[in-house]
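Please go over the structures that come below.
The following pair of complexes shares a single chain, chain A, combined with chain B in the former and chain C in the latter.
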Partner chain A sequence: MKLTKTLLATSALTVAAGAAFAESHMASEMTLVSWGGAYQNSQQKAYSEPYMEMHPDVSIVWDESSNEAVAKLRAMNEAGNVTWDLVDVTAGDAIRLCDEGLAMEYDPEELLAAAPDGTSAEDDFGDLLVSDCFIPQIVYSTTFGYRTDMVPEGVEPPNDICDVFDLETYPGKRSLEKRPINTMEWALLCDGVAKDDIYDVLETDEGQDQALAKLDTIKDQVIWWSAGADTPQLLADGEIFMGSTYNGRLFSVIEEQDQPVAMMWDAQVYDLDGWIIPAGLPEERLARVKDFLKFATDTQRLADQAKYISYGPARASSAPLVGQHAELGIDMAPHMPTDPANSENTFLQNYSWWADYRDDIDAKFQAWLAQ
Partner chain B sequence: MSASFTPFVLTFDNKNNGDDMSNASEAPTPDDGLNLTDNENTGPVLAADGTPLKRSLGRALRRQKLRALMLIAPLLIFVLLTFIAPIADMLFRSVENQIVSETLPRTVVALDDWDSTTGELPSEAVYEAAYYDIFIAAERKLHTRLGSRLNYELTGASSLFRKSGRGLDDLGEVYQDQFEDLNEAWEDGETWALLMGSGDWQDKAYAWEKSSGDLAPKLELREGIEELLPKTAAAYSSFANFVRVDDGDNPATEDPWSPVYTAFWQDLTGGATVASYSGPEAELLMEAANAAGGFESTTFSEGFAGIDKDWASTPIWQTIKTYSPKYTSGYFLNSVDMQKTPDGPELRDANERIYGILFKRTMFMSMVITISCIMLGYPVAWILANLPARTANLLMILVLLPFWTSLLVRTSAWKVMLQQQGVINDVLVWLGLVGDGDRLVMINNQFGTIVAMTHILLPFMILPLYSVMQTIPPTYLRAAKSLGATNWTAFWRVYFPQSVPGIGAGSILVFILSIGYYITPEIVGGTTGTFISNRIAYHISSSLNWGLAAALGTILLAVVMILYWAYDKIVGIDNVKLG
Partner chain C sequence: MAALTPISRKPLSFVAPVMAAAGAFFGIFVGTANGSTLLGFLIGGVLLAAIAVVIMKMDLPEKPVRWALIVVFAVLGFFLAGIPSAVLGGLFGWFTGWFAYWLYEGRYRAKIAPYLTPGQVLWHFAFRVICGAIFFFLITPIVVVMPLSFNAESFFTFTPEMLRFDPEGYSLRHYRDFFTSDAWQQALWNSVTIAPMATILSVGFGTLAAIGLSQPHVPFRRAIMAILISPMIVPLIISAAGMYFFYSRIGLQGTYLGVVLAHAALGIPFVIITVTATLVGFDNSLTRAAANMGADPVTTFFRVQMPLILPGVISGGLFAFITSFDEVVVVLFVGSASQKTLPWQMFIGLREQISPTILAVATILVAISICLLTVVELLRRRSERLRGMSPG
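Showing the complex of A and B:
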């Protein structure tokens, strides 16, 4: 233990000394945590590569641990050795981390750059600043895709969320996420509950039973997914007729892999993904992170990311700058979940509500699944 | 180790020989010569350096043992530090519950007198304690942690605490504003330092510099102020402590937070004899005391109810009281589908029970997987053991090959094989055995999990079986047959009993491994093929309810130990051979 401490101390000293020499009290190495795959690739292209060009002495290491970030960050924090500098998490996880004191609270005005037209960062991000610790990057949505070649003859292709529950018109398997969030809301919506009342209804035991009863009607036709890649694979294999997943995954099935799949968009649920800064970073690492963040979350950078993946930038000022896909050369705007044509009927996940009810409803949902 | 020294002891130790010699003590024996070397013939044998031989020997043995221990020490320490300690720490979390009493120390004490079963709300004193506790917790940013902890037990606690952290500030500001309107002096930290702190402390505090790197001097209260304004003194002390330790600032120059004003108002309206005070700021204090009675005020319980109506109902208080002890059985009760209530443990509603089902399913499926491994592995091991070494080694590679392939790849390969548009179904449809419309469902259910896991765990069964079978001489079977046994009898009565230790070892390995599996069931298990470990993983990585995860893990560990013990009783662990 002592040896490790000495080693850590000396290496920390060396790093600190090197940084002090190179640039005014900023660490020169950063560990960023993200999801891997196409999403992390888009971040590397849009944020970290340009940043490293501007600062050749900085090296950025990527860790594909966002999936277990909440647990790992807690373990690191308890061990008193946080090795991550910036972590990409969903808004729901960010709220949890903030509650647990594992993420740092920040001041948007100080940390984030203003929009080119002078709009303050706080107004530019607007409602998307859902937690004091959360720095939004993208808006993605969980929505349905379906196989165009499995639509029965003489029937309109599905374009309503309730078509998912209509086994008579649209026979075939569906895939839904193996957790209550989104699934319960869709079930209630298709059981005649008004959109504005959904959370009030879902708060009650009867409402939860009602949602599960609605899901019961399709239960034996559902394959439950837990990884975002499951539905695209099931769709590509023709295992299912329709299934929910993140819109970026569907984009790559449709546009990049050219599968006979189409988007439904109806009642898509918006979710946010963004950065959190782990609590308790040493000064010089924090200084570097802040410097990087100011750059990586500015208007142009967020718009650039949309060149590589079909997720909407979290800043209002970035939307007009969204251009074409870097490789396919197609316009990205119509593929954004926030595009007016796609967002006629949408939800924004109610984070604070789910923070309260997640444990309880998840227990009921899993018990229902296991029966 | 000591065995190697036994001859030495027997030969030279007088006493040891004494027993053996007792009935022959008269007759001369070869030992006599040795015994005579001892002068008195009764005293202890001495070593060359004059110490008794026994002690000297003991010391030598101890040194020997110590040296042996030091040789294995690195391994021992490694295992202790990296394996035993983390596991023990994790298991300990299943009962640990300090967070409530540490975050709300005053409230927990105040709740002691409250009977949670009557349905009445707790007294004003409890609300008062909670006000100071939650305010300080919010300053330390601990209130939301407690909220998430209590949310595992009571839905809604999470947002209740998040909201209250902000709301309580407004509650205290009512008094703060009125005192400050009365006299601007109350805005200054210096006024409060002068009133509350001793002269000594003030001198030290004003001399302190932040750049020195030390903490600011610890607050010493002015003599007599604690008797005069007890609540204010307590509130100011915790404020000073927070500024000093958490912020690293100087309490003497910082403006106090709102609970100090609330406490001040409580003291002044609670009959403080301000007239007897003669220290600094006496006039200011007098003025405040005269005005305080006429201040706009509210009770703590009303203030809490104003923040959220949940504070004005019993469940949140019952939950805090139920989980106030430092250690709790709550996690264990949760993990057997029960819950703690004010009236004692109760079974959960039927639609929330899940762990019982999962424990039973995990046991049952692990058993099925073990049995299928035996059925499939036994003939393979038999063939391997009875082939010439060269061919056997070649085939062995086939058994080991899966070990060199990623677990995820093997599991995903089963997906490709078993799914409805998969290889097996395609072949069946092509052969005309199954109609295109009703392809078999072989994955995302128990069947899929059993197939995939049997495949993955098969080598763990074959290897011990193979190494045991290799040691069974083939001559036994031939002998049995030459004595007239049929093939079956020869196998069942002669060969099989000798291979049982291999089955035992393989079964223990496969069973224990399969109980803890979660990746494969997660990918191919659907809803009916998931294990208890999937829930443990969920609570570790998603819901962050590590206490519950630890309790589930502890139960799983206990079940495995009981099974192991039962196995030892029935079959005998000596009969297990890994090679």
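Showing the complex of A and C:
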């Protein structure tokens, strides 16, 4: 490599040849892993289609396996056959993969483009770089939606997270995610625990029992969901009155599918989603991935993505560029979870806390579910 | 069929309880669907018993009463929930009227042997009801999917427009999605290229294995048979995980050939079982006779043995094809994203985006399966008729 480079430099061939050289040393096929559905569609529209236009010889295959990315990457690693080039995961999964050495650590300054005004990538992403392996794309939130036509007469529409636990004022089925994350926090929040103390309380056995006891009060009215599409389906069916899911799914139900559903932003829980590069990629594939990433995570691309789905771009410099929905032509800013009107009361999930306690609480929660 | 048994009118003490039982049976389902099993049970029972009492006490003529019941229930249904429930109501009214007179006039007894005890008569009809119920529970989920695939909305929901039979509520957009989306077309193409190859391999190897294993002089027949059949018995997820690690080591994971081989391994047991079953009835003196006439073993196989075991080979091949075409677990492990088959794509669609496109695809697949099975069955009957095996 080094020798070739020196030879090239000393020869009269200049930048153009250098670029051609780099191009020829990049793999021409990439497998990207994402979540499918509208979200993956937004990535295709904003990142991969423009990229393929610039590099017509590159083919990109999408694999909708983000849901089981951790397990599959472990298996691939064990089998010594990593077939994925770039994997879209939530921040929590990225931390786990990074800890296990399955994701590659990277240097933001080298890998990611600076903002148009010259702000370094590290400052532009800021606090969202929660792990050394994680390349953030979007901020999304898990929040509630409710059917406007099922609000009892003479009652204010629900606008407080604790309305979910109030079966007297708001009778009807609810859907909650079939895992303890978020669900336990909301239960404690509505059982009188102060926001700042939630994780201290949840650390103790009594605290976990307290959360489950609160959930017990609505358990027989809860339908548990595991896929992001479940709650929208249940809401459209009128099978539930309110349910939690990702805010982009609710946006799609309300604005794109025109269902009688409204958002309840109170105590929405932010989460991050982004890329990780699997550890141990061969050089050619890694070169292609790096080239793609630099393009796909720049300020304009992240802002473009928000045209297709209501998730907030992870770069500070992208926020002012967020425009209108690609088909509906409505302003996207008011639908972003980070919009000031929507984020009056938000709840910040503690990733590192969950990374430590997840397995224990998961077991306890599943046992409680089965009771 | 002429009446076997002379019939006579039955007393109220028999008709009313039977009607009540039938009403209660229906009521359980209607009541459960509407939130209260017990209430449905009671209302259904009382309603039908009351109808029986009214008809018998007043000795009403059959025809007008049956028409009246249809109209009354249809109108009642219409006011409850529009046209669809009017249709259901009408059907229910028709059934009630028919059932009441069927019992009252004793017609149920007409076509069964006169020496049967009441218990045997009851079992005779209970058996039919049970069979009908099983059929109903098997078929309904498949049938419900079909109208939903014409939904104009993007959810698995019977919208009010659909229930009013308003053309606005129906559309072909999910079929259009299927035929225009690259992802679905790629998946269709993958399935169509993988399944036939896997079938050919399964049929080839499976038939040879079955013939070999049916020879009495082969050592360890049972053990070999057990190993070959094992993909059918071992839980799929275990085979899949095993194949994943094995194929990864030898570089077959994520390739077309890998998926074809994995599916062939899954299909072979079906072929072996069906072909072995046909070989049981195969007369080995035929091959000896062929050899006696100077045919070499290959000619004997293709000219004598193969035509006779063909039905077993074809049905084994059909099972192998359907296994590969329907399979999702193994391909998730052994395949990579470029080998995404239809079931894989449906699995993703169901998990990430509950979209009726899946239902459109399911409807198309059901139609194809029905055509395939019909054609195979017709061919089989034709060949049997030609060979004079069945009076057909």
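What we mean here is this: the second predicted complex is superposed on the first by the 348 of 371 C-alpha atoms of A that agree within 3 Å, B and C clash if a C-alpha of one lies under 4 Å from a C-alpha of the other, contacts with A are read in each partner's own complex, and residues count from 1 in each chain.
In this section, a contact is a pair of C-beta atoms (placed from the backbone, for glycine too) under 8 Å apart; a residue touches a chain by one contact, two chains touch by 3 or more.
All values derive from a computational prediction rather than experimental measurement.
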First, second, both or neither for A:Pro337, with chain B first and chain C second: neither
Partner chain in contact with A:Gly36 - chain B first, chain C second, else both or neither: second
Partner chain(s) touched by A:Asp237 [first = chain B, second = chain C, both, neither]: both
Contacts of A:Ile223 with chain B and chain C, given as first, second, both or neither: first
Touching partner for A:Ala71 - first (chain B), second (chain C), both, neither: first
Contacts of A:Asp360 with chain B and chain C, given as first, second, both or neither: first
First, second, both or neither for A:Gly145, with chain B first and chain C second: neither
Between chain B and chain C, more extensive residue contact with chain A: B
Intersection of the chain A residues that touch chain B with those that touch chain C: 67, 237
Contact set on chain B toward chain A in their complex: 141-142, 144-145, 147-148, 151-152, 155-159, 162, 351-354, 357-358, 361, 419-422, 444, 522, 526-528, 530, 535, 540-546
Interface residues, chain A side, partner chain C - complex: 31, 35-38, 40, 61-65, 67, 75-76, 78-81, 83, 227-230, 232-233, 236-237, 257
Chain A - residues contacting chain B, complex: 67-68, 70-71, 74, 96, 98-101, 105, 173, 178, 209, 223-224, 226, 237-239, 352, 355-360, 362-364, 366-371
Chain A contact footprint on chain C (complex, rising order): 153-157, 183, 241, 244-245, 248-249, 253-254, 336-338, 348-349, 351-354
